[in-house]
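The same chain A turns up in both complexes below, where it pairs with chain B and then with chain C.
Right, the complex of A and B next:
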């Protein structure tokens, strides 16, 4: 899947969990930069992404998700 | 026991061992000792007749060393979380009368407060000095917890309270030695952190902290597996987060796993036990007012005492007395429900400069032939025949969010200012993961909430911000004609 399409889908997930779109989908975007993206919503964002792409993250993958770029990479590696 | 000289002895005795692992870097007891000594010189140089000192809670060695340095200098620390809203921190500063703040980060300014930068102090080398002689009732710390009228309550804990806690903990059977690797997963504004740094240091063990801006539960998992953590005190919500991944987790090196801060569900902990096959698991309980924790229940997986699936909180520790009472402070019979009240050497002398709250929360009761001071916890409990306390829930509108005690009325108090002239209630509800979240229900058909929530964020710490908002044209009423909070709670879960 193309990176831009993956990003588009992630963006939909973020908007549906966080109820806003006050963020730019750049590669260096981190949870810290996005209002409401904390441990709790992270869990929900992760499980929605899993559903959307029909993939399953390993617990170890989660610590590799440093920013949007690495999230896209990890998703791509699982497709 | 003398807590300060025990800390000193442990530092000297273990000087070549690791004391802290912070963000992947190890620091020895010798590094800790040097840092403490240098900060003590800074304290001596700048601070004279003041006893409560602010401490900005960063995740680094100088911050931890500052705690010990303050104690050795006969002073108490008041933790200030730089991530909390400024107004809340200002309330804490005003209430505790802080004039000095120790900070390891140079990017912090505050009017009318003298700042002492601790990270620079740690660079020079000096010999480690003995603690000063201390007075009996010296304060160790003042922690602030959620208050009903928007003003946090200060809970002062003395070194004697803390010594009583350490003494009681040592008489339980969860030994920590200088080969242990111990988890410290708590913000330093949360009193479970005191256990998680102090007990390891007293025993020469190594403390592993969680860096800020990491996803806590996955970082904890990597510490458990990669660093072979052997001793861990956690809040149960961590298990809710990890539960979808239990099948990937295998931590045979974990020897002791204590849970505190929230109700521990029996089904989750049973599943978890196969991830930590060699760990003894215990449920401990206690409010900040009674120094960290004060009751203890060791789980025996053949037969776990529980109430509605919530693991029992067990029996009082060595230095704590308990009463379960009715509304008139009269003890109820065994097996009957009542409010849990605590007394003993771990109990605070009372809220900081808050006589009104003290009259509400403390009373004199009988323990044998003596009159002793009891603290009403607001927790409903009942004792079973074997003397184990079962936790039944809160008696008031408090909730536990990620282990933090939250007064829903404080959220409502601030929310009413953020949403003027709209009737509203805050509720705690259980989400799909089994964690508690804060819901805010507004009595209105619809309104824009973004600016109101942003106002709340300026007033309240992140864990108190409602995560779900609902609208009801009219609030349901219960049979007493009061707003039916239970029904409103139902629309969230």
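Right, the complex of A and C next:
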């Protein structure tokens, strides 16, 4: 799947969980930059992304997630 | 050996001088000096468990390497499990064995069977702190967050480094190990900042915490015969005592480490200036909270991610029960943790966990921010009763009296000149914290004019001499 399409889908997930779209989907976007993306909503976002792409994360994958770029990479590696 | 003793002063001065004069050439030499002084420090504190600490360090050192070298994923995970069982097993034995035996015996009694005997177990110095540090290290190596350390010297200093061995901060390999691998250079500003932080911690401990302790002890010793209003005052002073005691200790520990050019992680960041419970825990015992978040909450909430909010709530409550239980084998701590976990529930539903609050920004807080802050503080004061009470029945009794009609009676406490001075110093203490709430620590006054700095040092020094009370222990040493 193309990176831009993956990002588009992630964006949909974020909007559905966080209820707003006040963020730019750049590679260096981090959770801190997005209002409401906290340690609590994080797992909901992760779970929704798994559903959306029909993939399964491992706990160790989560440690690799530093920003949007790395999230896209991890998802891509699982498709 | 406590930091606020002349014994420690006699220990630290020669160690610092030797370190910077004869051992400054290489990181190896510096580490040798740090290790020798740390061993001496621990043995002076309590020689009986040094062997346990040494063996524990050695085993974890080889476990780390073994996890790192293992190519087979299954064996890697098996080695990690072995490490976790070993470390937790030791902690369970020394800290919780008698608790479980007593509880189990009661069950046997109910069933009409003979009860079991408890053992006479002494808690090894610092075990709760170094066990968690070692566990974190093994998990980090397993997750490839850090490389396994291959130098026994560096690793031993990582575990034993004396400023933090007794009561933390619970350090992380990612922060401390890289610092031990480099030569530490003497930096005047860092050294002076360390001294400043020690002075501030000492002030918090011997002036604030110890004077509060005297009041609190006088309330708790026969709380049953006091009116509710006195108990409320006692609970208030205990919340302050607990904070000043442990944050004071932490500031001293971090300050002492700076004298060696080593930066330990921050352990407290003005927790009372918070508007919700999540905010409070971001500032309270940070090294334990972040440890629990990373190694307990995250895996748990990941496991339960399918259950949405309910999954999150279960994860939070379970994590905080563990935070409570970490403090000791007593139901009071379990209730303390449980309550804190429950306080998160409204936040989960409002979705305001990490929302940055600007209600307390600036020198003057907004009215709504102030109300929230005071409300939260009252909640903390009341919850801390579980932390202080010897057992649950005492805690409940304390609450019963506190919330009786006698809450509106005149409090019985002696408002003497000491209490007045304690209140005055507390106000100064929190005012200084308020002004520095965005700084790297509460007494970061390096940019203040020379006159202000020296006037502060002299004032604090005199306050310590005149109003300080000596104490041989810290609340957190028992954990």
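As a convention for this text, the second predicted complex is superposed on the first by the 79 of 79 C-alpha atoms of A that agree within 3 Å, B and C clash if a C-alpha of one lies under 4 Å from a C-alpha of the other, contacts with A are read in each partner's own complex, and residues count from 1 in each chain.
Please note the rule applied: contacts are C-beta pairs under 8 Å (C-beta built on N, C-alpha and C of every residue); 3 or more make two chains touch, one makes a residue touch a chain.
Remember, it's a predicted structure, so these values are computed and weren't measured experimentally.
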Touched partner set for A:38, first chain B, second chain C, both or neither: both
Chain B versus chain C as contact partner of A:20, first or second or both or neither: first
Touched partner set for A:11, first chain B, second chain C, both or neither: neither
Which superposed partner A:78 touches (first chain B, second chain C, both, neither): neither
Contacts on chain A seen with chain B and repeated with chain C across the two complexes: 36, 38-41, 43, 47, 59-60, 62-63
Complex contacts: residues of chain A adjacent to chain C: 35-41, 43-44, 46-47, 57, 59-60, 62-63
Chain C residues within the chain A interface of the complex: 143-145, 293, 297-299, 301-302, 304-306, 308-309, 311-312, 348, 351, 353-355
Chain A residues within the chain B interface of the complex: 20, 30-32, 36, 38-43, 47, 58-60, 62-63, 65
Residue numbers on chain B that touch chain A, as the complex places them: 213-219, 221-222, 241-242, 244-245, 248-249, 402, 431, 433, 435, 437, 450, 462, 467
